[in-house]
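Should a chain be cited, it is by its letter among A, B and C, assigned in written order, with residues numbered from 1 in that chain.
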Amino acid sequence: MKNITLKASEIASMVNGELFGDPDRTINGVAGIRDAKVSDLSFVGSKTYEEMLNDSAAGIVLISEDIKSRDTEKRTLILCKHVDHAFGNIAAKFADEPPAWKVGIHPSAAISGSAKIGQGVSIGAHVTIEDDAEISDGACIGAGCYIGHGAKVGAASILYPNVTLMYRCTIGRKCIIHPGVVIGADGFGFVPGPNGLVKVPQTGIVEIHDDVEIGANTTVDRARFGKTVIKSNVKIDDQVMVAHNVEVGESSILIAQCGIAGSSRIGQGVIIAAKAGINGHITIGDGSKVAGTSGVVKSLPPNSVVVGTPAEGQRDFIARLALPNKVEKLSAQLKALKAELAELKALK
Amino acid sequence: MKNITLKASEIASMVNGELFGDPDRTINGVAGIRDAKVSDLSFVGSKTYEEMLNDSAAGIVLISEDIKSRDTEKRTLILCKHVDHAFGNIAAKFADEPPAWKVGIHPSAAISGSAKIGQGVSIGAHVTIEDDAEISDGACIGAGCYIGHGAKVGAASILYPNVTLMYRCTIGRKCIIHPGVVIGADGFGFVPGPNGLVKVPQTGIVEIHDDVEIGANTTVDRARFGKTVIKSNVKIDDQVMVAHNVEVGESSILIAQCGIAGSSRIGQGVIIAAKAGINGHITIGDGSKVAGTSGVVKSLPPNSVVVGTPAEGQRDFIARLALPNKVEKLSAQLKALKAELAELKALK
Amino acid sequence: MKNITLKASEIASMVNGELFGDPDRTINGVAGIRDAKVSDLSFVGSKTYEEMLNDSAAGIVLISEDIKSRDTEKRTLILCKHVDHAFGNIAAKFADEPPAWKVGIHPSAAISGSAKIGQGVSIGAHVTIEDDAEISDGACIGAGCYIGHGAKVGAASILYPNVTLMYRCTIGRKCIIHPGVVIGADGFGFVPGPNGLVKVPQTGIVEIHDDVEIGANTTVDRARFGKTVIKSNVKIDDQVMVAHNVEVGESSILIAQCGIAGSSRIGQGVIIAAKAGINGHITIGDGSKVAGTSGVVKSLPPNSVVVGTPAEGQRDFIARLALPNKVEKLSAQLKALKAELAELKALK
């Protein structure tokens, strides 16, 4: 962390917040509410964590409106909006910069004579760049990356170490690709033949537009023909699987370990939560949200919110969860009715 | 794409199809039905997509028997069998060839003097090949691959870049291993000891037979003792996890992000769909099909078709899905019965 | 396998077992019960496999108390405790040693002049070690690994090939990191901005304590601020995803393809089984067990045992599984009651 000291009154003014307690108290670091020391700034953004506030040693704490405590004996409180975001901004001031990329080409890199290398690029150790590949201005290629024949990396994009970009696939501008990502491996296609399964050639590419981020060890497969497309500003987490011929619309979010089967279309602004699976050959409408671990088996209209496997609306899902209770009640009612009927018969 | 022009009548004869409309219409490319231009061949293989046919600009479209439209004003239609397959064959004619592997050894490769290297192999940049490893004739080892001590790669197999093949593990002939695959990492075995968990040595290997394909970032763990076996013609998708001592039978298919726990046996011709999980120490009978996202907890007889977690037959699964409706109906019936009984009592 | 011959009486004494049949029978190898030959030692540790005992060719078999057979015509039986463990110990005697790490630095490694390299280390081909990184005494860094700026690898730790350890992240002593693991990629954090999603800088690190093992292609993300922590003796399987700011307590076990969302705390001695998912910002109490494929959506007290999605107790889960039967019975009872009532009315 950087060596900075901030006064409570300074922080309150930075976050446009209301101060309770000593305005002259100082901190020189930031930490989560459980780990914070008296010299740290921390935050509590939701009632769920109010108890942790009492137990924390933090010297200054950003709090949201939910938080009732105004106990300033042990600390200074600053009430502000978007606590999480406000804290992030202050935390960023203390953060060490990530190491700078060295402009230049490491002597151990193996670069084809026919590759086009732009201005101001950084190419790390043990990188391989094949024939006719293009690395645009300002791009950074981490150690051990592989850039296949005719593949393209757009200007100012970053490939962290050990990324594999297969032949003819393209990455746009200002993308961030984390370690271990594989772009452009063959899609999974086989047809039964007389002597077993026969591979269907995967002759297309992967096309990644601008401002896309892709998490560690994610795989995006090349198209059977045409292209698998990840549109601008899509954010993909770790260990996500995007199959051949999928298209993911602008600003959609694919969270860790989810998977999209072949030829499906994910609209714009969609959120697919962790571990969810999307069937092949379906469409997820713009703005839809798929809950974590759900399995979506058919197309969804725009702005759908679904959960479960097979995925259904939240109301249906909650009703399904409540079934054991409902059946228990029915069972009791039935028993009572039986008794009533028996009594009636006995009376006759 | 290659620069080729094909006439509708030529295509009809290639796919052994029946032509409707102008036989002289030409195309010079192929595309999916949504993206196709008037100069493209496309296909519609199922009623589900019939509407897209009307909206498409495609000049020539292969159609299946399901498709009722014979509207040939805007395009030529060709009715044929196995539309998907037929289209794939035509598409392959337009596809650019994948880049050729260069025969020879890249000077940056680090190859042990005791490794045996066959004829006509291609070994890329930054490859490491350890003592006593064997690379058979015609095999291709992509840039950045690691071949461990005594490991073997069979004739004409392809390892794409950044594959890790650990010591003594073996890959058969004509296999295709995609980037980021790890073969032969330790199986996961620990026993409680007096000072915490104690590692159980994983002393076996992984043995991969002929004509196997393994998708990007999949992991196949070495056996605790003996071997983990992937038999001939098995096809494995991306991000699949095969644990120690598993055996996968001939021509089985493991789809993306599924996982097989330790010591289980998958029969021949089995399909494990995406994200499904198979418990340890069980057997999945030949020809069985496990639906996506299912969790199989006990052994299955041959030709089983299961779905859900814990996995059950389709009929049971569908009945379970219908439970909310069923309970709703029961509830209504119960209410009616109650009313009837009350009426009866009032009459007395 | 090593060339060793063992007599049944010797084995019985090694495992402290009771011998049935010929004490002079010998074996020179070990194998699973299905694959064992007459010259092999095998084991059957549970009644489930008793049938396999009869069908096996194994010359000597370790058996547990569950196994009733004492048929020693074809083989010698040795009854012992902890059969699985006992067999493992004998199997270890036959196992070939893993290849030794060569002490020294491969000439192709690219190591910054400011990196600190300890005594007796092994650094493989095509390794990259950046500025200010530290490799402690006796550590082994496999071919193709990347060690980022200021990252630290503790004494006697092993990084198998193609591991990526990002800047400033730390690995403790005697850890084992399998191929393809990525430690310290950015956590997944974005906030909506006026022109789309805005990246939240991930300025923290990953801190891995001593005696931790991490399976192939697992990813552990760096913290948004502060650190993601994996405490001592934690064992992580393949393809696990640990998100930013997670803390995993001592001796916990994360099994293949499970995932822990951001800021969650996993206690000590917890077992998260395969493919389970843990929501963000929750706590899993010490000693808890989460069944495979479960989705845990809220915090769990210590020693919880949960299953399903959303995860619930075993009793609740089993009741839910039994619902179709229960509803079927209710339906039959209701029908009977209806008939009874109709009869009663007819009598009037």
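Note that contacts are C-beta pairs under 8 Å (C-beta built on N, C-alpha and C of every residue); 3 or more make two chains touch, one makes a residue touch a chain.
All values reported here derive from a predicted model rather than from experimental measurement.
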Any chain in contact with subunit A as well as subunit B: C
Same vs different contact residues, subunit B with subunit C, by half of numbers used: different
Distance from the mean Cα position of subunit C to that of subunit B, given in whole angstrom: 25
Overlap residues in subunit C, where contacts from two or more other chains coincide: 108, 126, 144, 162, 180, 217, 239, 257, 275, 323, 327, 330, 334, 337, 341, 344
List of subunit B residues in touch with subunit A within their complex: 30-32, 35, 48, 85, 88, 91-92, 94-96, 98-99, 106, 108, 124-126, 142-144, 160-162, 176, 178-180, 211, 213, 215-217, 232-233, 235, 237-239, 250-251, 253, 255-257, 274-275, 292-293, 308, 321, 323-324, 327, 330-331, 334, 337-338, 341, 344-345, 348
For the subunit A and subunit B complex, residues of the former touching the latter: 108, 110, 126, 128, 130-131, 144, 146, 148-150, 162, 164, 166-168, 180, 182, 185-186, 188, 190-191, 196-197, 199-201, 203, 217, 219, 221, 224-226, 239, 241, 243, 245, 257, 259, 261, 263, 275, 277, 279, 281, 295, 309-310, 316, 319-320, 323, 326-327, 330, 333-334, 337, 340-341, 344, 347
